[in-house]
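What follows is a set of notes on a single structure, which appears directly below.
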Amino acid sequence: MEDKITFIKDGIRLDGRRVDEARPIKVEVGVLARADGSCYLEMGNNKVIAAVYGPREVHPRHLQEVSRAIVRYRYNMASFSVEERRRPGPDRRSYELSKVSREALSPVILTSYFPRSVIDIFVEVLQADAGTRTAGINAASVALADAGIPMKSLISSCAAGKVDDQIVLDPMKEEDNFGQADMPIAMTPGGEITLLQMDGHMTVEESHRAMELAMKGCRDIYNMQRKVLIDRYSQMENATRQEEAVI
Amino acid sequence: MEDKITFIKDGIRLDGRRVDEARPIKVEVGVLARADGSCYLEMGNNKVIAAVYGPREVHPRHLQEVSRAIVRYRYNMASFSVEERRRPGPDRRSYELSKVSREALSPVILTSYFPRSVIDIFVEVLQADAGTRTAGINAASVALADAGIPMKSLISSCAAGKVDDQIVLDPMKEEDNFGQADMPIAMTPGGEITLLQMDGHMTVEESHRAMELAMKGCRDIYNMQRKVLIDRYSQMENATRQEEAVI
Amino acid sequence: MEDKITFIKDGIRLDGRRVDEARPIKVEVGVLARADGSCYLEMGNNKVIAAVYGPREVHPRHLQEVSRAIVRYRYNMASFSVEERRRPGPDRRSYELSKVSREALSPVILTSYFPRSVIDIFVEVLQADAGTRTAGINAASVALADAGIPMKSLISSCAAGKVDDQIVLDPMKEEDNFGQADMPIAMTPGGEITLLQMDGHMTVEESHRAMELAMKGCRDIYNMQRKVLIDRYSQMENATRQEEAVI
Amino acid sequence: MSTVVSEIRKDYLYNLMLKGQRADGRTFNGYRPISIEKNVVQKAEGSALVKLGKTQVLVGVKIQPGEPFADTPNRGVIITNAELVPLASPSFEPGPPNEFGIELARLVDRGVRESKSLDLDSLCIVPGEKVWIVFIDVHILDDCGNIMDASSLGAIAALLTATVPAKKFGLGEDYPLPVNDIPIATTAVVFGGVTMFDPDVDEESIADTKLTVITRADGSICGMQKSGTGVLTQDEIYRIVDIACENGKEIREKFLES
Amino acid sequence: MSTVVSEIRKDYLYNLMLKGQRADGRTFNGYRPISIEKNVVQKAEGSALVKLGKTQVLVGVKIQPGEPFADTPNRGVIITNAELVPLASPSFEPGPPNEFGIELARLVDRGVRESKSLDLDSLCIVPGEKVWIVFIDVHILDDCGNIMDASSLGAIAALLTATVPAKKFGLGEDYPLPVNDIPIATTAVVFGGVTMFDPDVDEESIADTKLTVITRADGSICGMQKSGTGVLTQDEIYRIVDIACENGKEIREKFLES
Amino acid sequence: MSTVVSEIRKDYLYNLMLKGQRADGRTFNGYRPISIEKNVVQKAEGSALVKLGKTQVLVGVKIQPGEPFADTPNRGVIITNAELVPLASPSFEPGPPNEFGIELARLVDRGVRESKSLDLDSLCIVPGEKVWIVFIDVHILDDCGNIMDASSLGAIAALLTATVPAKKFGLGEDYPLPVNDIPIATTAVVFGGVTMFDPDVDEESIADTKLTVITRADGSICGMQKSGTGVLTQDEIYRIVDIACENGKEIREKFLES
């Protein structure tokens, strides 16, 4: 975390964004045939894909819970997703991200509907550019909806960072590597925080500003998630109507 | 795979064999006391030993099949079996060889006789000199018979290779390392192929010749396997008769 | 094992002890709140802590014994307990020590009282200075008593060594590293040996002297273990009496 | 790796087959639609997303300097790995590759290696000390059958687009990875006497025997592997090899050669 | 990692809470008694045994020369590990760290790293070749709740007592490890609308949400982490951060600054 | 590692024992027939197949140049490993060595190391840089009891036949591995008050206590290990040690010294 590069000049960041501007997002739902629900999502140069399987039987059995479904979340980076090839398989970072991501989604999943079952969420990072955990949560949330898992609401996730002593929305790789702080959050549309992490250095006031900016980012992402799901449902409804019309 | 060495001169190979000649084979049956069936086999400088345990209970339980026995095959090389000491335990090569060897034997094992059971086949390579998978399958087949596992037939296995642009039977280490292609097969006495692998470079015509040569090799090995088992049974029968005579 | 250093001069060892003198011992019982029984023990510069959990349910289930409790013992060294930081997790040495320590305590534990259960003994070495296995067994024995596990007797453990061609009691690090032999034992107060290991070089006569000296060491430790447990029980009784008095 | 298919579906597929048909209308020798999208991962030195019907496989190629093997001090190194991640199929489990993943990776590797599509001698930087390591990472995304052919196709497509990142490591100018041949793996299952190429996931789960044949541009063979617990006759093998050569030629010309 | 607490105890704690009370008489913001014993392990370069109520955590610091990371050739290395050994709790199991142990270690590490308490530049011996590796090993001895704060406290206390063993490696005179800041982690659980700091093991097992805030000496924040399957409101977060700063200040002054 | 023996067989063995007999007619102190076949694996630098009754153990010795340990820069290295492969017994399972395999390997290692049969100083090639690594790999083939003594016998027999392959590594002429002493491990079980040497697999499964004593050529002891969950009296230990010395002497002279 050094400050030698100038990241923000005249309010404009290295990639041309304003400080309160997120990277372009692309969301596709139902991209995998085998999974019960799936979503492909790009956030800037991040490319992630999420799949949901379940509710289904739990293996090994001793993990079963009698009164509710358990939720599992596996965050995994492809070997070729980063600059230097990484060894396949989970490392300490992916264990932590899997845990906090699972905890970011669990509050909205109605697990009591499916006792003794498991809902498996798998997120594959195909290309990484800072923000893979938030991209993964956004994709997983849509994939859960696509799988028809009953949820209180969607979850949206975005980070704020501190760069050149300014609070910025959705830091990209360079800002994350050489910036002063990073604070990813996830939340419900109602503003309940389900993920909060921070590292770096912020005053209490800065942390407030960062949280508010990240929450704004989440709200924008929520609108995109909602739209893509509505489009998906109307497509499916149209398809059903056409089938009925044929009959 | 380089061609600088001359492997065949006047139709004779480095170790004095003709192109269609297999290495000398030695087979001993019932060599282990603890196993239900066993076989020690030498094919040239390869030395392998196979043991069969079962049908017996499956652990862990979730591998059980309700209508048939499962078959497991573990191909393992002793640390000292090769030029440079190898670390104990399976590597990727031994996982693949275990799989294809199991699939080479499975077609003839009457697994439906033993629901919920396992038939375990263990092959230890004590000395390796090209051809350990085929030697292992040959030994395992005899060990299965020795264990009294009901089988449609024996399985015999042999490789053909391509060296100096000629198709040769049962390549040894030097021919395998520096040759142009290797093609191990396994088959029933009726000529049904249960294992087929090939790597290297062959024309379609060469692949036909290689297959025919390898099948000839298998037939010769089958006769040896059969003979050693007949000898074994007559010994056992004699032993029983003598016991009866004593009584 | 070299003999260049003089370890014993005028019957006095490097740390001022006589050849038949053990290092100072400190024992505290009931030092952990979560464990069912616990003991902190220092033997010279060794610092170990033992916890006992159980009898409790066995996981995984297939380890269950129908007619008795199983006993598990995990000897573990903290990364910082030795001169050069060691990688966390068990190595081959700790597997062996766990096995022989479990076998040192098993003879006195009345396992038939608790069928299908497990008694778990965990020993953490916080600082190591030769003799951690004996210190661990001494602590574990007290922790078992503290947990109320029914036992035929306590187990006490001590080593004898050979240094400068003399048999010494309870060797410390330097004596162990550069000495000629080491012989740890464990025993019941009745003199039944439950642990015996030896490495180095001893004549048969020396091995007799070493065993007798180590047995003397065990008897002294037994008296300390006994005292600390009696103190503990009277404290607890007093506490109960005071409670009753209050009522 | 097998998927349970209902008895009814099995009967249905069997009856179709008797009529010389397949559920999706293909001929027994025909492939599902193939699409290859190149350079989908910019962080990789080469990459390709292959779709074979609904089957999706992403292959990334990373190229980094490293040490050669002791017995080939002047040659580059190929390391092939396949991840059958649980996202791609209900029958895949998390954890290190099992025997299916290992067999797949080794077969993809064999295709590249034995076809000599990569000139490993040209990938030497300092003899005995430093060579280019070519990592081929196969990432299965959606297993709707025949991931073998899709993976092999993805590997060679990714290699064809790969750049040796010499500049990044101060080793001169970047240059395209030199690829000399285009091996094509074609797989058939044998099921009730007929052979069907490019099996979908239902066909795979019904057939007990599979044969993969890898062919080179000159029509010769550089790899074969039978898998599954069934048997093959000599005739079946010869027939599959012949059709594999034709299918391989077509796929090579249509999708990979420009 | 959760411990089953009987329904009765749960009701009891809940009713207490409604009255603004906790089982051990503390205020919602208050900590259990803290004790820090330093240099308890002489074989380590630094060590501290922290007691937080009945919770006990031992942290050992080992310092050894080693190779720097390729991307920071002139900086020392911090490696933090946490062992949740089965001695410390009926819910801990033998084996490599699970996600709880990993999260704990990474959070302790983040506190040390992001507060810049260690000047990593000063831990370089030969640029690009040899630097000091600082191993922070957290050994949980008795988990009676809030091992996070105890571990973090143990880590900084052990670092404060640590000596760089230069002499042992022929690298000059020994000197105290230079520590620039004292990060303090403070953790609160949220339970039925109230926030309680320094939760004991019962309170932890009842609450479904936890927030850890790590503060520096200047009152700024260098780390936060929500854990658990519940939610936090913006207000709750702001409130916890404010109290965390106060608690952090008090603990820092009382126990660590001389 | 225990094998279930029927109650009937147990009674039978017990009654025999009361009469001072063993099932195969041996005395309590006697060994089953021993055979040692040397150099059975030509790829190894030394090897021996030991048969002890029906028990079969194959030991291979590989010798390769490698780095010395940091604390013994001028000495060769011994690495001993034992594989209890599932081929050898229904109670052995695939996977890395469990505590039985580890104990066996460490005990074999201790015999070789503590008897100083290998002069490690003479195995130094370049001080601090390159020494000979001697790998002793014990491969159990058929566990019909007392694999400890068979393994130990196999190890020293394989070492006695081993050649240092100096030529292969351009380090001069090959020469026989210098072996200075011949340690012999002898094992007895204690069962109902009697001690029986060289237990077969039934005797092992009935007795709960075992003592292995390793003796050197001069009659002194270089290793002892009690195993099993029973107890030994001082007298029993002394008696076993005495007989172990005699048995060791006999085995050494008969099978290993020429």
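Every chain is named by a letter (A, B, C, D, E and F) in the order it is written, and numbering of its residues begins at 1.
Note that in this section a residue touches a chain if its C-beta (ideal position, glycine included) is under 8 Å from a C-beta of that chain, and two chains touch if they have at least 3 such contacts.
The structure presented is a predicted model; accordingly, all values stated were derived computationally and were not measured.
Between chain D and chain E, the least number of touching-chain steps is 2. Averaging C-alpha coordinates per chain and comparing to chain F, the farthest chain turns out to be A. Distance from chain D peaks, on a Cα-centroid basis, for C.
The geometric centre of chain A is 28 Å away from that of chain E, both derived from CA atoms. The mean-CA centres of chain C and chain D are about 58 angstrom from one another, to the nearest whole unit.
Annotation: 52 Å between the Cα-based centres of chain B and chain C. Touching of two or more other chains is recorded for no residue of chain D. Residue positions of chain A touching 2 or more other chains: there are none.
For chain F in complex with chain C, the residues that touch the partner chain are 97-100, 102-103, 105-106, 110, 113-116, 211, 216, 219-234, 237-238, 241-242, 245.
Within the complex formed with chain A, the chain D residues making contact are 40-44, 47, 54, 56, 58, 60-62, 64, 81, 83, 85-90, 94, 96, 135, 137, 139, 141-144, 201.
Every residue of chain B that touches chain F in the complex is listed here, in rising order: 32-35, 45, 47, 49-51, 53, 56, 74, 76, 78-85, 88-89, 120, 122-124, 126-128. If you check the complex, the residues on chain A that touch chain E are 92-93, 95-96, 98-100, 103, 106-107, 183, 188, 191-204, 207-208, 211, 215.
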